[in-house]
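Please find the structures below.
After this come two complexes, each holding chain A, first together with chain B and then together with chain C.
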Partner chain A sequence: MLSLLLILIAACFFDGIIIRTKSICAGRKGPGILQPIYDVWRLWHKASVYSPTCGWVFRWAPIVYCASVLAAISVIPFGQQPALFSFDGDFVFFAYILALGKLFSILGALDTGSSFEGMGASREALFSMLAEPAFFLIIGSVALLTGHTSFHDIFAHLHLGDPVSYALATLAAFILLMVAMIENSRLPIDDPKTHLELTMIHEVMILDNSGFDLGLILSSGYLKFAMYTALIVNFFVGGLGLEWGIPLFFSIQFAAAVIIGVVESFMARLRMNHNPQFIFALTSIALMVIFGVLLLSGQLS
Partner chain B sequence: MKALSVKNGACVALIDIPLLSYDDFYAEIVEALSDINLHCVNYFAYPQSDSLRLYACLADDAQGDIHILSCEVKKEAQLPAISAKVHAMERFERELNENHGLRFLDHPWMKPVRYAHDRADKTQVMDNYPFYSIKGENLHEVGVGPIHAGIIEPGHFRFICDGEKVLHLEIHLGYQHRDVEKLMLQKDKLIQRSLLAESTAGDTAVGHGTAFAMLWESLCGVEVSKRTQLERTLAAEIERIAIHTGDLSALCGDVAYQLGNAVFGRLRTPIINFMQEWCGNRLGKGCIRPGHSPYVFTPALADRLQVVLQAYERDYLEMIAKTLTMPSVLARFERTGVLSREQAVEIGAVGMAARASELARDIRSSHPYLAYPLLHHESITRRHGDVYSRTQIRRYEIVQSMTYARQLAQQLKNMPLEDNARPEMKPQANCFSIMLTEGWRGEICHCAITDAEGKLACYKIKDPSFHNWMALALAVRGNEISDFPICNKSFNLSYCGHDL
Partner chain C sequence: MISVISSFAILAIAALITLILKNNRNKGILAISAICTAAVFTSITAVLALTGQSFQYQFYAGAFLGNVRLCMDGLSAWFSLIISLVFSLGAFYGWGYMQHYLDKKNDIGMHIFAYLMAYLSMQALCVLQHSLAFLLAWEIMALSSFVLIIFESWKADVIKAGINFFIQSHVSVVLLTIGFLMMSAQSGSFDFNSFASLSAKQANTAYVLLFLGFAVKAGLLPFHTWLPHAHPAAPAHISGVMSGVIIKIGIFGMLRMLSFAPIHYEGVGYLVLTLAAISGLYGIMQAIVQKNIKKLLAYSSIENIGIICMGIGLGLIGVGSGQSLLTYLGFAAALLHTLNHALFKSSLFFLAGNVYHATHSLNMEQMGGLGKKMPWTCLFFLLGSVAICALPPMNGFVSEFMLYNGLFRWMQEASLTGAVGASFAILALVLIGGLAIICFTKVFGITFLGTARSEMHEVKEMPKIRLVPIAISLVLMLCIGLCPWLFNSAMQAALANLPQVDSSIHSVGQEHLAMLSLVCICFLSLVIILYLLRNKVQSKQNIRQSETWGCGYTAATPKIQYTGASYVKTYSDTLDGLIGFEKQSDIPTESYPQQAGEVRSESFDQLEHKAIEKPLRGYQWLMSHFLFLQNGKLQFYMLYGIIFILITIILTFIIH
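Then we have the complex of A and B:
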């Protein structure tokens, strides 16, 4: 319950901090931290407009997408605090409930019949498919380390002791942050700021969404960011009490947002056909983590 | 060659232009254009009562001459197409077909150009544009526009893609057509014509404005003072700096490099603000008028320009060096959107885009006008013809233009201010005049013909975009469709300049 609450709070600020960091890096003042939330609030009060060519999939897609993100969040614990619900193998549930949401947003995009949205859907499907192994290798390696298969048990039993395990946790945090950036269509894979339909991935899929539906999609994006970062927090929060755990949670959320903002300010995005290479590189780093875990646990001699 | 050879900005009597039969005309042009130094700068029809007088103007870049020849054909005549032999002529012939109904028999690809209001065949409408299509299981078409997501102008782009790879791009224009050439004849006040000329392409107000002003002066036999000439040159170079900087910003924006986007965007502002200080318009509208200089470049402005350029230069040099050494930016720019030299020659590319493909077409050096003979301009070229080359052209042209602007401002500061009287301007009768200028995008050509009473009877404008849209279509072939925006931005062609 606590983790859900913390993630909801963090999600309110996450995108605002990214935008503010980017503004400061560009020498601008930038909008207020809560501007994205105001925008979502405004959209929630608007009705959606539907094209006559799209059917029920398009209408349901944003709701399923948002629900999938909320369902995924509900299995994320906070240190020793349990998640809303927890069962063996819930990290698989986590990955595939998100994939279900993505499936619906892809189908919704295809439902519009627009050639842009079809292109965006195909790219989104490709890149999130490629990012999947990295996620499973990371969670798999901590499952291996602790011998448990639910998020709550994994993180409750994850005690980082020696420097090597801290190094592995840092690598895992890096990979999760990158996966979060891929899943949320940020640089270097995608550019959320562009107005150029031909280069977009995620943005182009939601071109036809408006009003309440668009508000749902945007807010799910913010939630996803806070959700992935909450996973990162769990690597480090370990047995810390709440008085240290909660400040650590918000510090890591803040740091992740600032890092994303800085990365987006000072580099150009990748060429579309270099994206798979970049994502495969993440997978290979994740392989390093799993080998490290195997060495640590003495299963590889 | 059976043609009248003149220099840039000449005014000649119509009777002096050789009138050939179409067969000779055809043979002369095909032969002349086989020389790489020659290219066609304008080819248009002057309608007579029951026939059409075709004028072709071929610029010889090596000699600095412009060869003018003409022929007379019947309306709706069927003619062999020059573009069957010289592909660069294709759009001129399509235009002649569209506007005057001339039929070219073996034209490689006859289709409408811009849907002029008074086109010969009114059944040709935008809705049934004959798009090229390829059949194939794994191919898909993507149509972009004419409503644009950003702030630029309308145009329709039809891609045929194999997955992410572009096989073919077809560019359908004409949405910006305002009939500038007709309006030029209808509006008989000089101020109206000046306004029309500088609105031909909003980002090249000085380029087109200067072309019209000098053309009119040449028709009227008026010569402007040295001081005015220097001022016009200065305005053109400031325009070049401003637009190139804006393009660099947009190129960074298209690859999501935020720092470059922000910094170049900021750097452009003081330059265009300087134009506002000088002539009251940030785009330089109103700065150039035939016969005189409405806004004197005072010594105070000269000092101000030096200060503006000094502040600009420091940041510009730092930022451009940073941008063009950044691996993530280079990865996007290099080998993207390649226009080979052969292609550039074949389609008759001009200006900056041609120079990036090692085709040194630059009116400032080949047919110098205004103060360019004094500046001994040497054009900058690059070899690869990719987005990176076009970015580099901009990079070094800005530096070059800054040097020119400083020199010119210094010279102007030391010149005495002069009485700014407007001379009496009356065009000579039965004359033909041609003026080429080098706008930031490339060569601009204006031609005018006067009738027996000295009234404007025909006016023809050719913007560099007229040739270079084809360059864009060729450059994106084989690239990823997601790279189209940076290819497009690296050319930054004009829609309204093409559509007129």
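Then we have the complex of A and C:
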């Protein structure tokens, strides 16, 4: 329950910090930290416009998408604090319920009959499929390290000891951050601020969403960022008590948002046909982490 | 057991009467009522068997077969229930599908007869414990499914696909015959029980042959090539039944075979797991690039057979290494996914049949926007797609969830080879899951969403008889997804028939499955809450309609939409080489072309091309050199006969 609350709070600030970082890097003052939340609030009160081509799938898509993200958050624990739901294999549920949301957002895009949205849907389907193995391997490696198979048990028993395990945890954190960037369609896979539909992925899929639906999609995106970062926090929070854990939670959330902002300020988007290679590289790093864990647990000697 | 035998009698008598009756409608009604009665009769025994009772019956079947033993144990009961369910749903759907033919003069008696015989033989396969009788039933099943496939026998490619199926299923029969004969030669009896006394060494070769024989029927790689031809050729209810249960009988055979002599479980487990993972990946990779809906579904069946066999492989590894948790999770995942796949794949094939009759095409590139004209078919197809992509809260997720749990457990408890093996198995399963999403968003999105890509006349929703059977299986699917613990308990008796399954583990899993169903229910209620919230917000707003945003371009036509091929273009570029494409282009070269050009690209199965067609062509080339022998002159043929006899006599002398 605590983790759900913390993630909801972090999500309110996350995108604002990214935008602010980018503004500062570009030498501008930038909007307030809570601007994205104001935007969502305003969108929720705006009327929607629907295309006559769209059927019920398009209308249900944002709802299922948002609900899937919330359901995924409900299985994330916070250190020793259990999640709302916890069972063996809950990380499989986590990944698959997110995939359900993705399936609906892809179908919603295809329902508009627009060629641009089809283009975005096609890319989203491929890239997020390619990113999935890296996530499973990372979770697999911590499951191997701790001998448990649910988020809560894994993170409650994860006590990093020697420097090697810290290195592995950092690698894992890097991969999770990258997975979060891919899942949220940010740089270096996709540039959310591009103004050319041909080069967009996520943004082009939601071109026809407006009003309440768009608000849901945007807020789900913020939630997703905070959710993945909460996973990263769990790698390090371990046995810390709440008085240290909560500040650590917010500082890691803040650091992640700043890193994303800096990366987006100084990096260019990859060429579309280089994206699969980039994502495959992530999977191979994840494989390296697994072998590192095998080394640590003494099975490779 | 009496009820099972009487159901056989009912089916056999009904099948004979259908041959005599004249009116097509009467035949259909007779067949449906016979199947329903038989299904109820066998299900009574099967459900009792699932509660832990075991039923036996033995009778003397003449000098050739000897004593034939029938036994309904948990494993038979599990498969028998799946078969009864899919066959009865298929019969009702088929009644709707065949309406068009019922009042016509052409006789569909043979089709109905074959349907009844297929059902009868498959029920018999589940309970027969006698290898010769088993082979007999297997042959009846192969022949009757051949007749079912070639229903539209006036079409050339239907006959071609039928003959392909016919040959491949007989390859399976040959392998099984040799395997069973070797087994019974060693043990001195045809009864399955006697095989249990064999040692691993005695049974090795026979095991390999039996496994290959069952793998052909199940469509495991590289024996999958009959599936993508046979499914599009058959009528929809037959494809549904075939993919739903006929290929599962191969899985049943593999599981039944495990109770014979002990084998080197761990090694076999690794082998099965590798083959299964490759099957799964290859199946779904091919499925994505298909244009024909039924062909796509056929390739996806290969993928699902791969997932089921991954469960079996994991279970075997658990048996070999003595880890009871792996054994339990692997076999349970395999059994549950068998049921799940039977449900969603048969529904999807039935729905493809609805689309076919509405549009008279199976090529999804010509479709689009069917969702508005066929709302129920569209909704059902979406739910089926969610289930087949193994996404919660539908049933497919539960079996994959068990398999994932097993794989992660394996990774933790095993040696180095185990950990590496588990990592790759997980990788394969994750990729299969992701690719399935691409595949089914493509087929659903291109067929049902957007606007029509070609002229579609009078597309309308199908009558209820073609929707209700699908709705029934969807309700069941949702039940499995939301109450998985119920089905986990139901499987216990079936699991007890597999080697070394420790049933005490079941109670540990229940708690996690209950939690899973709770979170799924929460998710569904969250969806409903959000929906109501939006309705409330939007009720005060002025909701407008406006054309889809065309990025400033206002004259958009349906042709501008993304097609199926373009949807998977990035994917097929990434996997260039693994998937074969045959391209033909006829582009005019002159500066001012007078006629329109044309570009065609068709995907083909690389494996079929390289492993079957090429060697066959080589063989044909080799054999063409001996054509002179067949010159049509009687004298020569008699000469060959004399030479043959002489050689036989001379050889006999030399050998002695």
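We take it that the second predicted complex is superposed on the first by the 301 of 301 C-alpha atoms of A that agree within 3 Å, B and C clash if a C-alpha of one lies under 4 Å from a C-alpha of the other, contacts with A are read in each partner's own complex, and residues count from 1 in each chain.
Assume contacts are C-beta pairs under 8 Å (C-beta built on N, C-alpha and C of every residue); 3 or more make two chains touch, one makes a residue touch a chain.
Just so it is clear, the structure is predicted and the values come from calculations on it, not from any experiment.
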| item | value |
| --- | --- |
| Touching partner for A:E203 - first (chain B), second (chain C), both, neither | neither |
| Chain B versus chain C as contact partner of A:A71, first or second or both or neither | second |
| Partner chain(s) touched by A:D153 [first = chain B, second = chain C, both, neither] | neither |
| Partner chain in contact with A:P188 - chain B first, chain C second, else both or neither | first |
| First, second, both or neither for A:D15, with chain B first and chain C second | neither |
| Residue contacts with chain A in the superposition, chain B compared against chain C | C |
| Which of chain B and chain C A:M119 touches, first, second, both or neither | both |
| Which of chain B and chain C A:N273 touches, first, second, both or neither | both |
| Residues of chain A at both interfaces, chain B in one complex, chain C in the other | 115-116, 118-119, 197, 272-273 |
| Chain B-facing residues of chain A, complex | 22, 25-28, 115-116, 118-119, 187-188, 191, 193-199, 264-274 |
| Residue numbers on chain B that touch chain A, as the complex places them | 140-144, 149-150, 164, 252-259, 261-263, 266, 326, 328-329, 331-332, 336, 480-485 |
| Of all residues in chain C, those that touch chain A in their complex | 368-369, 371-372, 375, 378, 382, 385-386, 389-392, 397, 400-401, 404-405, 408-409, 411-412, 415-416, 419, 422-423, 426-427, 430-431, 433-435, 437-438, 440-441, 444-446, 448-451, 511-512, 515-516, 518-519, 522-523, 526-527, 530-531, 534, 537-538, 541-551, 556, 558, 560-562, 566-571, 573-574 |
| Chain C contact footprint on chain A (complex, rising order) | 44-57, 60, 63-64, 66-68, 70-71, 74-75, 85-90, 92-93, 95-97, 99-100, 102-103, 106-107, 110-119, 121-123, 125-126, 128-130, 132-133, 136-137, 140, 143-144, 147, 149, 197, 207-208, 211-213, 216, 272-273, 276, 283, 287, 290, 294, 299-300 |
